[in-house]
Each structure stands twice: as C-alpha cells, then as structure tokens.
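Provided herewith is a single structure, encoded as structure tokens, for subsequent inquiry.
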Amino acid sequence: MPDASQTAAAESAAEPSAPPVPERRFSETLLEVKNITLRFGGVKALTDISFDIKKGEIRAIIGPNGAGKSSMLNVINGFYTPQEGAITYKGRHRKAMRPHEAASTGIARTFQNIALFKGMSTLDNIMTGRLLKMKSNIFLQALYWGPNQREESEHRAFCERIIDFLEIQAIRKTPVGRLPYGLQKRVELARALAMEPDLLLLDEPMAGMNVEEKEDMCRFVLDVNDEFGTTIALIEHDMGVVMDISDRVVVLDYGRKLADGTPDEVRSNQAVIDAYLGVSH
Amino acid sequence: MSQPNLAAESAPRDATATERPLLSVNNIEVIYDHVILVLKGVSLTVPKGGIVALLGANGAGKTTTLKAISNLLRAERGEVTKGSIELEGEAVDNMTPNDLVKRGVIQVMEGRHCFEHLTVEENLLTGAYTRGGDRAGIQRDLEMVYDYFPRLRERRSSQAGYTSGGEQQMTAIGRALMSRPKVVLLDEPSMGLAPQLVEQIFEIVKRINEQEGVTILLAEQNTNVALRYAKYGYILENGRVVMDGPADKLRENEDVKEFYLGLSATGRKSYRDVKHYKRRKRWLS
Amino acid sequence: ATAPAAAQEQYVPLLVYKSGPYAPNGIPIAQGWEDYLTLINERDGGVGGVRLVWEECDTGYNNDRGVECYERLKRPDAAGVQPLSTGITYALIDRATQDKIPLFTSGYGRTSAAYGPVFPYVFSAPLTYWSGADVIIQYIADQEEGSLEGKKIALVYHDSAYGKEPIATLERLAEEEGFELFLFPVAHPGLEQKATWLQIGRQIRPDWVAMWGWGVMNSTAVKEAAAVGYPMDRFIGVWWSGSEPDVIPAGGDAAGYKALSFHAPGEDYEVLQDVVEYVYGGDAEAAREAAWGQVLYNRGIFLMAMQVEAIRAAQAIHGEGQTLTGEQIRDGWEALTLTEETLASLGMAGFTKPVAITCEDHEGGGQAFVQQWDGESWNIISDWYMPRREALKAAYRADALAYAAEKGITPRTCE
Amino acid sequence: MNLRTIAIWAVSVPVIIAALGYFHQGLAAAGLISFFTWPFYFEVILNGLLQGVMYSLVALGFVLIFKASGIFNFAQGSFVLFAALTMVGLIGMGLHWIIAFLLTAGVMVLVAIAVERVVLRPLVNQPHIILFMATIGIFFFMDGFGQTLWGSDIKVLDIGIPKDPIFLLPGVFEGGLLVNSFDVIAALCAALLVAVLAVLFQYTRTGRALRAVADDHQAALSVGIPLKTIWAIVWSVAGIVALVAGIMWGGKLGVQFTLALIALKALPVLILGGFTSIPGAIIGGLIIGAGEQVAENFIGSAIGGAIQDWFAYMLAMVFLLFRPQGLFGEKIIERV
Amino acid sequence: MLYREAGQFKTSYAADQSLFPIAQDKWGILLLLAFALFAVPFLANEYMLNSILVPFLVFSLAAIGLNILTGYCGQLSLGTGGFMACGAFFAYKLTTAFPEIHIVAIFLLSGLGTALVGILFGIPSLRIKGFYLAVATLAAQFFLIWMFNKFGWWTNYSPSGVISAPPREVIPGVVVTGTSGTPEAKYIFLLVFVALLALLAKNLVRSRIGRTWMAIRDMDIAAEIIGIRPMFAKLSAFAVSSFFIGISGALWAFCYTGSVEALAFEINRSFQVLFMIIIGGLGSILGSFMGAAFIVLLPLALNNGMLMIDPTISVALVAHIEFMIFGALIVFFLIVEPHGLARLWTLAKEKLRLWPFPY
C-alpha cells in the first residue's frame, strides 16, 4: 500500500467514475495459470486449467459448489501444489512454492471459512498483516525501546488507516472470536490489506452479508482496486456483485474451465447458464 | 419500539387464530459470559406449518435467538436471563437439545459444523441418531436427502472435512432433515451456495414445508430470497425486533427495500454506484 | 500430645510421609516414632522430667515439600530433624547447619557426613550406606567360603542419590576382592524392572544380587526375581529393602529373600512390650494393627530412641530437666555413648548393638546382620557384622574434605 | 484393516525383528554392546510384547475417552488405582472376587456418572486443553479420595491367576524361552477386551455418535446426540477397563499409590498407536513393549541403564515424524 | 466508581500501546511492586520468604516461559522439568568452572544454553502437533533427566549425583545463592530479577514476535499464508520459552533449594508448571503469576489451614484431603472461568467498569 505520495495520487484518481461503467483496459499480465491439474487421491479438483490475471483488474472466479474455485486460489498462493502445470507470477515461473514465500512476493488472501486468529484482538489481527514489513530484531523487541517502539507506532498508524478505511474503529480491541460473521470477514480483509499486496485473493468475501453490507464491501473492494491499484481475484456466488464489479470472469465447473470473458459474455453463455446460473440474471 | 408495527392486526395469528403457535419466544434477554448483553427483549411467534424469516444485519442477534430456542446457548457460556420460550405451550428452558430434537426441533448451525472425520454419509446418519433403530425409515430418508442433493451422493464416502464449502452446507442441511423434524431452525442456509443451489435449497425448504408440514424458522442475510419464500418476517437490529409483518408487506416497505433488498426508487442499483457517503439509517428504539 | 504448660517441654519436629508413593514405608516408621515419644512421656514422664512434644509435617517423600516442612517446623529449640529421605537430607544439610539444628540420618543420607569435622550437625549412626555395602560383601564372602574371586555380583539400585551411594564402595571392594560387579539402575518409582531381571535371570546369572531399593521398587524386584526364577536366598537388600511391605505383595514367592538390618525384627523385646503396656493399654492386637512389631515400626522405635538418648546426653551436659536448643542437643549427640548396659536399661538388650559417637566419628561404630523372610516373618540368620571401617573412614574424610573445599568450609579440629 | 495391510504387516514385522537382531549382533561383534545371543533376543522380544500388552490395557482406557469426547483423560491412571483399591477393599470384606468385581464395576459406573455431571457437563464445548486440565483435577481428587477411603498401605490383590514361569519351545532353544503365565493370561484378557470394544465402536450407531461428539460437541448437541448419556456410557466403559487394568497391574505389583503412575507408560503407546484407534492401542503397546525391552537389555547396559523411559518416548517420536497422527490415528485434517 | 477509564484519552499510538493503558492499572502495579520490594521483606517471616515467596517467584518465571510456548505459541509442552534441569546444571557447571563470572551473567548464560536445547527438541514441532507434540517434549523431559542423572560430569562427579550451589554475591557482600544468603536478600534479588524478565517477556509478546506466535497458535495455516515462516516462529518460541525456563531452573537450584539432584525436575515438575499456566490463564503474563501463586500457595494454605483448625488431625488425612480439595478447586475454577484466573480478573475489572449498572 501507499506511501504518502502515492496516496495523494490515488486519491485524485478516486474521483467517482460516472455510470455506465466504462470498459476498463488492462495490458500487463500479472499472473498466468497454465494447464494446472490438481488431484486429491481419486478426486480431481482441477483439470487442465489455464487463465491469466492482468495487472490492475478485478478478476472473478465463479462456478458451482465443489467446482474447485477455492482450490484454485490455494494453488495460486502455494498452499496446494498442483500435480501438473505451472504458474507465472510477475514474470517469474514457478511450480511449487510455500505459502509464506507467496506472501512475501505480494500475494494476500482471505478465506472462505474465516481464518482469523481467534484469540487476538482485531487490531492485533491486522497488525499480523504487517509482520513482513517489520524489521526490528528480537532483542529490541524484548526491550520495547527505541527503533522498535517507533516501528510499532508507525505500523500501528498504518493499520489505523485501514481500520478507518473499513470502518471498524469500534471493534479495534475486541477479540475477533466474538465478532459476528460479517465483521469477521471485514477484519480478514483488513488483515490482507495490511500486507499491501499486489495481488489480493478474496474467497467469498460477501457470503453471509445482507445487501447493505455487501454494498459496503463492494465499495471497499472497488476502492482498494482504484486507490491502490491492487489486482484482485475474487470468488463470489452473488451474481449481482460479480457482474457489477468484475472486469473479467472465469467460470469453473467440476474442475474444468467452462468459460472466460467479460461479465456480459459469461452471462449469456448457455453452458454457464445451465451449469451454474440456473435462471438468467 | 418506535417503529410502527407494519402488520396492523399482528399478522401471524390471524391465519391460525384459534390454534396455539408452535413456537413462541416472549421477550427474551440473552447474556454471554455474564457481561455481554446481546438480546434485549426479543419476541416472536412461529405458527405451525409456517415459514418465518428472521432478518437483520451482522451481529443483530439472529444466531443467538436461534440458539436460545434450541438450547445451545449454554455450550457458549450464554444464558437466557429474562423471558420465556415455549414449544406448543410448553416451556423449553429445561429441555436438553436432545429432548428438543426428539420433539422435532432441530437447528442447522451457521458455519456448517460438519463432523470432519466422519464421511458425508456418516454425517447424515448422525442426524438420525434420535430415531433409534428404524433402519428402513432411515435408509429411505437417506435416499431422499441424496435425491435432494445429488452432489452428496457422489461424495458420500469422502470425509466431510475434505469437501467444499457448499458440499458441507448441503451435508449440514441434509443431516438435519434426517431427524424428521417438526421445526427446523435454519441459520443462513444460503451462505456460500451457488445461486442455482440457493434457489434449489429454498425450493426444498418449501417442499418439506408443504409436503411434510415442517415448520421453518429461518435466519437469513439473503433477504430477497428469504422474503420470497417466507410467509412472515421479523427484522432484528441490535438485539431488538424493530419491524415485523407478513413477507409481502415487508417487501413493499421502503426502508426494507432500500436497506435489505438493495432496491431504490429507481430499481436495483449497480454495486459500482454505491457511494461512500451513503450511510445506513438506523432504527432507533 | 500436649502437656500442661507449666512443665518443661522439648520440641521434636517430625518429617513424615504418610501419603504418596512411599507411604506404605513411611507410615510404620512414623508410627514407631510417635509411639516411642508417647512411651517416654507416659512411662518416664519425659526425658529427665522434660516432656516431649512434637509436630508433624507430611513430606510425601518429596524434596521440595520436605524443605517446606523443615522451614515450617524449624525452631531454635527443635531437638533435631530426621529427614527420612536421602534427597531431603541433601537439601537440608546446609540449612540445618546454619540454623544449628542437628540432623539425624540413620542409615541413609550423605555418607561422608559421618566425618564430624566438616559436618558438625549431621549424625549418621549406626551405619552408613558404605558400611552397609561392606557388610553385604562380608556376608557373601562368608557364604562363599571366604573367597569372592571370580564371582559375579549384581547391584540393583534406585537411580537417585540414595541408590548411587554404595556404588563407589562396591567398586572398590570388587577390585580388592576380585569379584565382578554389574550395575542395574532402576528408574523412579521402580515399576520397570522387566529388562533388569531378564538380564539378571537369563543372561548374566550373577551369583548374588544386592539391592538398594525403596518403596514399590522393592516388592516389584522381589516379584520380578521370582518371575525369572532367580534364587531368593542369593538376593540381599539393604536395610531399606527388607521390611514387610517389600515381601508381602509377592506372597509365597518371596520366601528366602534376605536383607540387612541394624536392629532386631519381631516383638520379643522389653521396649516393645512397654509400648503395648503404656501406649496401647496392654492391647497387643491394637498395637499390631498399627504395625507394631514390623521391621519398619521397630526401625521407628530405634531411630527415636537414639534421638531421645541424644537429648538425655545433652541434658547431662547442659542441665537436667531443661528445655534445650538444637545447638545444645548437638553436643549431646557428640557425647552419645550407648553401651550394652544402657541398651539393656532402655529395654533394648539384644535389639541393637552399642554405638559411641565422637566429634570425629558421627557414625559411632554400629553393626548390622542379615535377616531372612520365611514367608511369615523376618528372622535373624547371621551374626552381627562389624564393617571394616579403616578404609571407609578414610573415604568419608576424603569426600568430606572435597566438599568443604567446594563450599569454602574450614573443618573443625576435634579436641 | 483390509487384507493388503495385513499382508504388509505379516511380512514386514518378521523382517524388522530379524534386521534388529542382526543389528544388535553387529553391535556386539563390534564390542559396542556387551553381549548378544539369539535365544535371549527372542526371549526379550517375547517378554517385551507381553509387557506391551499390559501397557495397552491402560492405553485402552485413554483411547475410549479420547475417541468419544476428544478429551485426554489424565485421570485414567487414578481410575486404575481407585478401581483396584475398591476391589481389594471389597475382597477384604470377605466377598468372593467375582462379586467384588461386579460391585466395583458398579462403583466405576457411579464414578463415571458423577464425573459427567459435575465436571463434563458444565465444561461442554470448551477447548481440549481445558478439559484436559479438568481431568487433572479429577486425578487429584480421585487419588486423595481413594487413599482416604482405603488407606495408602500396600495391598495384595490375588484372584488366583498363576504366576509360574513357563519355558516355551525348549526343543528349539536351549533352556527354552522364559515367559510368565501371568503375563500370558493378562495378554489374552487384553486382546479379548480390545476385540469387543473395537467392534462396539466401529460398527454401531453409538460408535458413530461417539466419533461425532469427539469432532464437535456443539454440532453433536444440535443433532440431538445426548452428550450426557454418551459420556456416562463411555466413562463407565473406561472405568471398567481401568478395573481390568487395575486387576492385572495390581496383581502384578500390589495395589498402592504408584499404580496411578503407570498411566505415564501408556502415553507413548497411545501416541504411537494414535489417540483414536483401539487396535492402535494394542499395536502401539506391542511396539513400545518390545522396542524398549530390546533397547534396555542390549543398548541400555552399554550406556548406563534405565533408558527405557525416554526410549519409549523417543521411539514414539520417531514414528510420529513419519506419521504425525500416529500409526492408526485419524488423519489430521488441514484445510483453509 | 474508582475504576474508570473515561476521561483518559490517548493522544498517540505510542501511548495507547504502552504497557498499562489505564492509569489505575499502572499505579496499581507500581504500588504492588513497591509494597513487595519495601514492605514485604520486613513483614514476612523467614518461613514465608523461604518457602512461599521464593518458590513462587521461581515458579512464576517458569510459568512465563511455558506460557510463551504453550499459551502464546500453542505448542503443548511437557518438557518443562527437563529444561529447568538444563538451566540448573548448566549454571552449576559454569559457576564451578568459572567462579569469577558474575552470577547474573551465569543465569543468563545458562538460559541461553537451555534455549539451544529447546530449539533442538523443538524441531519435531515442525511436523507434530497438539497432544502428539507432547510426546516429543516428554522425550526431552525423560532424556534430559536421565542424562543429568547418569553422567557424573554434570555434577562434577559427586557420588550421589547431587549438586549444591556455591555461595555467590550479586553485589559485593550480598550473597544470594546457596543456603548462606539471607532470605531477605534472596527474595529481593529474585523479585527484581523476575520482574525485569517478566517485563521482557511482556514486551516480546506485545511486539511483532508475539503476534507471530499467536498467529501460529490460533491458526497455523493462515499464519503461513500471511507470510509467517512456521519454522522460525515455532523455534523462536521454543528458544525464548526455554530461555526463561532455564533461568528459572537455575534459580530453583541456586536460590531456592540450594542443592538439587536431577530427579527434582522430574515429570511432576512439568505438570506442575503446566497446571499453573492453565489455571492462571493461557496467553497471559499476569496469569503466569496468578497460576504460580495458586499452585504454590493453595496446597500450603490447605495444609496449614487444616492443621490450624484441628491440630490433632492426622497428617496423612490432611495430605489426602488436601489432594481432594486441590483437585476439586481446579475443576471449580475451570468451570467458573475456563480461561483462567487472569481472565476472571479482567472480567471482574469489566464489571467494575460498568458498576453500578449490571451490563
């Protein structure tokens, strides 16, 4: 995320864009998934999947339950190692990678079944997102003095900005285990944002929210994308959301790629309608 | 409560005016951990054979209300400190969840809660625990669940811990159906399900409601669908019921339209157009 | 146990263990102590007219609990402490010396503390572990017609400070007498002896087995020995491995098992009859219920008798009929001489052998014998043995001086 | 367990035993350990296996409770002690041992019900570590209670199981292989118990409910599984298993306080077999028993002895490095 | 009405992040420390100092150590006793080999040595979790005790395997080790030393590394996905935890009992410390102190209390009843508040804050 000069630039860019949505164009490829196949024993979760994510876009992944969407994200951030295929990220080619390495190259994510640190407060959860950016060594930390204290304050300030941004000031010190579901999702987003990622993977960020909250969440996602230029890959079942905010959509079904294209293309694809949408939206 | 009751003549009772409601919750207060007051006087009634929706924002107390009914609160160090809950006129305070299931009240918990190490089929079978040795009946119902959710049949022998989110949700609902319930307390059944499946599940809910006479109390975020299938709705805010009424009336209400259905006067707005300055209006009480 | 306030009283703190893993052994000893103290008060009206009062604290045979108990019970006028555990003794040696309270560690504790110049407050009459090891070897040699050349002897020991004490002495003797020594440590609490006895019974097949065990380790050893068919009459325990709780659980299998002791088993001694009369009102059955006549009960009587005699000796120095401080009673210890006559006057004729403690020698020259379990009771089967002390005393001295050097203590001169 | 696994075990076990034997023979040849002979080696393994079954008997009680509630019951050792004490006490009152056994079993059921009411019910749905701690509370209570009731002196428990040494296969090995008849009978009892329990738990409705409870208390409640009853049943069964263990161990060692400590020997067994597997408790027991006896007899004497305590744990740890859930434990599910 | 935070506004993040954001807490702690430092040595008798306060402080340090590993990093350990033994024997070897090194340096060095051992035995934690990990730590426990018991080198070949602490001064003229130090000197030294170490621990757990540990504890997979290296996190927890535990072992041998054999640190010691942190509160430094107080004081209080009420009661019965009450109280406290005394304390404060209104 931004240092001061960037923020200023981003803010001016965040002037409301008037509807109808202008077709956004992206050229640079951030991540490319090539011929990925992932198996668990007999279960084939993904079969020969290829697609790409351009820098700066909002990319949606949709598909029926069990289609392999979450598995796809797990492959991207290194939690699962695919049996076949490879991933090119920021121009670098890789096959297997540990999740913490993925994190240090700028990939952050949220989880379908909330994976917050239940015993910690909201603020501490968000601060964990800053771990990679913090430098002071263990002795300074033990003394809590000088550079360490300054560092703690700086990062705290950063996290406070995110807290303001996501409007969760009131629950700063509450242990997250006690928060209602929707707020937990928001805290999870905050934690991911604190990592200042280049690529943000969101797994059903709006599940279990009502319309109003979804609106808020969409707003946040769009703002992150606009203001900080973060590339976003998003899994979501609410077609309204997907169609409204994503630039391109990839559709998975039973581990295979069914379609790939702009929301409008996907919406009118008969295979997609049959397999997933049911009634057309 | 300052908000006028929408249903002028207190709706749920008029259909079944003579009959006692199946379930009635009278002005309950719930406290967690002896200090956190979450429900501040919630009342609702569920008529026999009805589908009642419980709506409200995150943290409004929907889950808490359902758990209070099914007596699962104690396991979370919560307790009902005021008010009463009655099932067919009988207080349920001292019943264990097991008694309640035997009497036909079962809850589908939010966040799935499948038994990870059991296979999908074993998960379903645990739902039939209270039915004892009725093998043939259980087998029949198992088939019924598999017919409702064909995906589960495919995955029947995988450990539930390894199934996808949606599959787990189906397992959880199927598991509850296996107990042959009279009332199902459904906590966010649509969460994480593909749109097609959401419709399907609500169709199934409607079907069991109509065909088998199962009463449904439904906590939902997906107001749109919920109000389409429910006959009556309650809206919870901050641990209080702020509005209730027949589903169709609620759907017409301007506030509900704006805040729960995402419809403004001009129709559905794109999520792209929502502005920062738009702030929710809170019902004060 | 309280007396009219007017009379003089001498306070005796008792560290006991009546709970925990070692309770079966701790209970009869404590019973012996209490009964003897009661006897002195009831029969003689105290020591030189000074009544004995006591307080108990349960250590559970646990070192830190023992230290806590000591701190709780200690007073300047404490007659002395018997820690009844080698581990607790180690923890208390420095403290007691500083607090000027005598420690009486009879047949256990730090062996080299028998060297008085370095350990003025510790008394280990009548025998130390090293003496015990020496006696066992003497006895075995007698059974083997004088020569141990080429024999195999195994030591099964509790793997703690206590069990390790005899090793050095046995190693020295092995060298001198030409037998081969095998060591078998047994981890606390001593339930795991299968491997030990498989090796002993099936592989090494030593001619004799000696044991330094305590608590459940003893009975387990006897059972395991029986299970591999090791001949019981070639199995000798130290005095802490030769009491009823050690053999009764093994039932008939234990018959023939031997152990050292430094006081007689059984009931036929005047002092024990006195206990029945004065403490139990003549009811021998009630007394037997309370372990009267058992080996460890008799041990309790013996230990407390020594302590009472030390008080008496101290009164002889510092004034008859007075309450004395621990420091004064220490002087009594160093002047303690029990001859056959004094023993007889205490009703202990034949019960134990004379001791004479001096400033230099805190062991006092006691003797030990071998007893054997016949399935019903313990019987004396050997003469009294006198440990070969010249070599032992040199060893005490060397070890004690090394300790003094480490601690920066200047040894007293005895004269 | 299917045929294939059985075949694998049938082949690999003799191979491993032989390999270990040659390994030790090699060590002995190189002078690193003091002795090695094949008959003694087999004798050690045989005795180790029998000893291991005794461990399994205690481990079994742990497994039952863990399987059914996800609770690691620290108090199992004190149950063993308490059961044995009660049984001895009742025999001491002049009852026949069979009657005393039945009465004690009844007492253990009462204990189980009390534990459920007083401890488990209020702590439903708490993290495992809390429940673990609660069982430590029970441990202290039961230890104190048992001793207050029955005293802490050592007692003899003899129900007439013979304890004679037997020499097996005297034709094959010189002098035969020595085992004790008591150990053999104890092993048979344990095997029987395991078979019965394994069937009970794997293939019945109650068995399924137990496993459900272990996974998620709250969800189990929500589908109407009566935790009360389930727990009372399981703790009763565990209590009765403790009684059998108490009779065997008490018969071997005498009944007194230390009996509670044998629980510590059951830990590596449990961990190696997997907390949730009843057959695992037996197999784990066999491996630990044989392994530690071999180590103590051959290697221990070379490096100072009394190594079997840590050796058992090290052995279990090595197995865990390859299978973090134990040999037969349920796979640990890790997903996001 | 005394306990209010209203009106106390933080003007900087640094202020909000300070140790005790609420002024009452800060002053309360300072007062308590001042009392402990200046008043207690004069009020308490020798028994209280030697047998209650000193072991309490030593145990508190061990509990802090274990709490870092188990409470903060979620790695269940039953090897505390073994690590305490490491500290004790390292310190003994060091101070007998280099008598000129200052005793505090000896303690810190033996803590560092123990940290290395901790890392070694922590390696299996990269693969083994939960109760299964307990076995790895138990292996450490039994192995270390066996090693110290078996090899004479550790005890400078003392025939019994018992080491006794040589007298050492912390400042010229004030001996704090062995039995020659006065109870007051020992107590004050321990109080200051333990308080400082506790402060370090508190700082660690509220810094980056503490959050790393907690993340691993709460959900290791998610932690890895936000960029935490599990190996670093777990091994650092083992190291830091063993550091504290090692020091407490050294203090145990040097300042409390004055002499120990390896068996003093057997498995029961590990359980004892584990009880402390569970009763006191997992993941709480304050809880470590409370738990240590509970486990050290309660048995003594029960024991002394019963004898006070009825001096003729048999000590065996007292010991048994003490066991029963102790067990029952553990269960009772867990039922009242599963998250330990520290949590109970916070809840009480929360109630106080709301007082006189119930919610």
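Letters A, B, C, D and E mark the chains as written, and numbering starts fresh at 1 in each.
Keep this in mind: contacts are C-beta pairs under 8 Å (C-beta built on N, C-alpha and C of every residue); 3 or more make two chains touch, one makes a residue touch a chain.
In this text the structure is predicted, and so the values were computed from the model without any measurement.
For the interfaces B-E and C-D, which has the higher count of C-beta pairs in contact?
Top pair by contacting C-beta pairs is C-D.
Taking each chain's centre as the mean of its CA atoms, which one is most distant from subunit B?
Result for max centroid distance from subunit B is chain C.
Comparing centres built from CA atoms, which chain ends up most distant from subunit A?
Chain C.
At what distance in angstrom does the C-alpha mean of subunit C lie from that of subunit A?
About 75 Å, centre to centre.
Roughly how many whole angstrom separate the Cα centroids of subunit D and subunit E?
Averaging C-alpha atoms per chain gives centres 32 Å apart.
Taking each chain's centre as the mean position of its Cα atoms, how many Å separate subunit A from subunit D?
Measuring from centre to centre gives 49 Å for this pair.
Could you list which residues of subunit C touch at least two other chains?
Residues 18-20, 23, 27, 159, 185, 187.
Mind pulling the residue numbers of subunit D that touch at least two other chains?
Touching at least two other chains: 147, 152, 304, 306, 309, 335-336.
Could you pull out the residues of subunit E that touch at least 2 other chains?
Touching at least two other chains: 146, 150, 221-222, 225, 316, 319-320, 323.
Which stretch or stretches of subunit B touch subunit A in the complex?
Against subunit A, subunit B makes touches at 32, 36, 55-60, 63, 110-112, 151, 155, 158, 162-167, 169-170, 188, 191-200, 221-224, 259-262, 268, 270-276, 278, 280.
Report the residues of subunit D in contact with subunit E in the complex, numbered from low to high.
72, 118-119, 122-123, 126-130, 133-134, 136-145, 147-148, 152, 264, 267-268, 271, 275, 303-304, 306-307, 309-310, 313-314, 316-317, 320-321, 324-326, 332, 334-336
Considering the complex alone, what residue numbers of subunit D touch subunit C?
35, 37, 40, 43-44, 47-48, 51, 147, 152-156, 158, 163, 165, 178, 180, 182, 252-254, 256-258, 261-262, 265, 292-293, 296-297, 300-301, 304-306, 308-309
Please output the residues of subunit E touching subunit C within their complex, sorted ascending.
So the residues of subunit E touching subunit C come out as 46-47, 50-51, 55, 96, 146, 149-150, 156, 159-162, 164, 166-167, 178-180, 256-261, 263-264, 266, 300, 303-304, 312, 314-316, 318-320, 323.
Looking at the complex, which residues from subunit B come into contact with subunit D?
70, 72, 74-76, 96-98, 100-102, 106-109, 113-118, 122-123, 125-127, 129-130, 133, 159, 161-162, 175-176, 179
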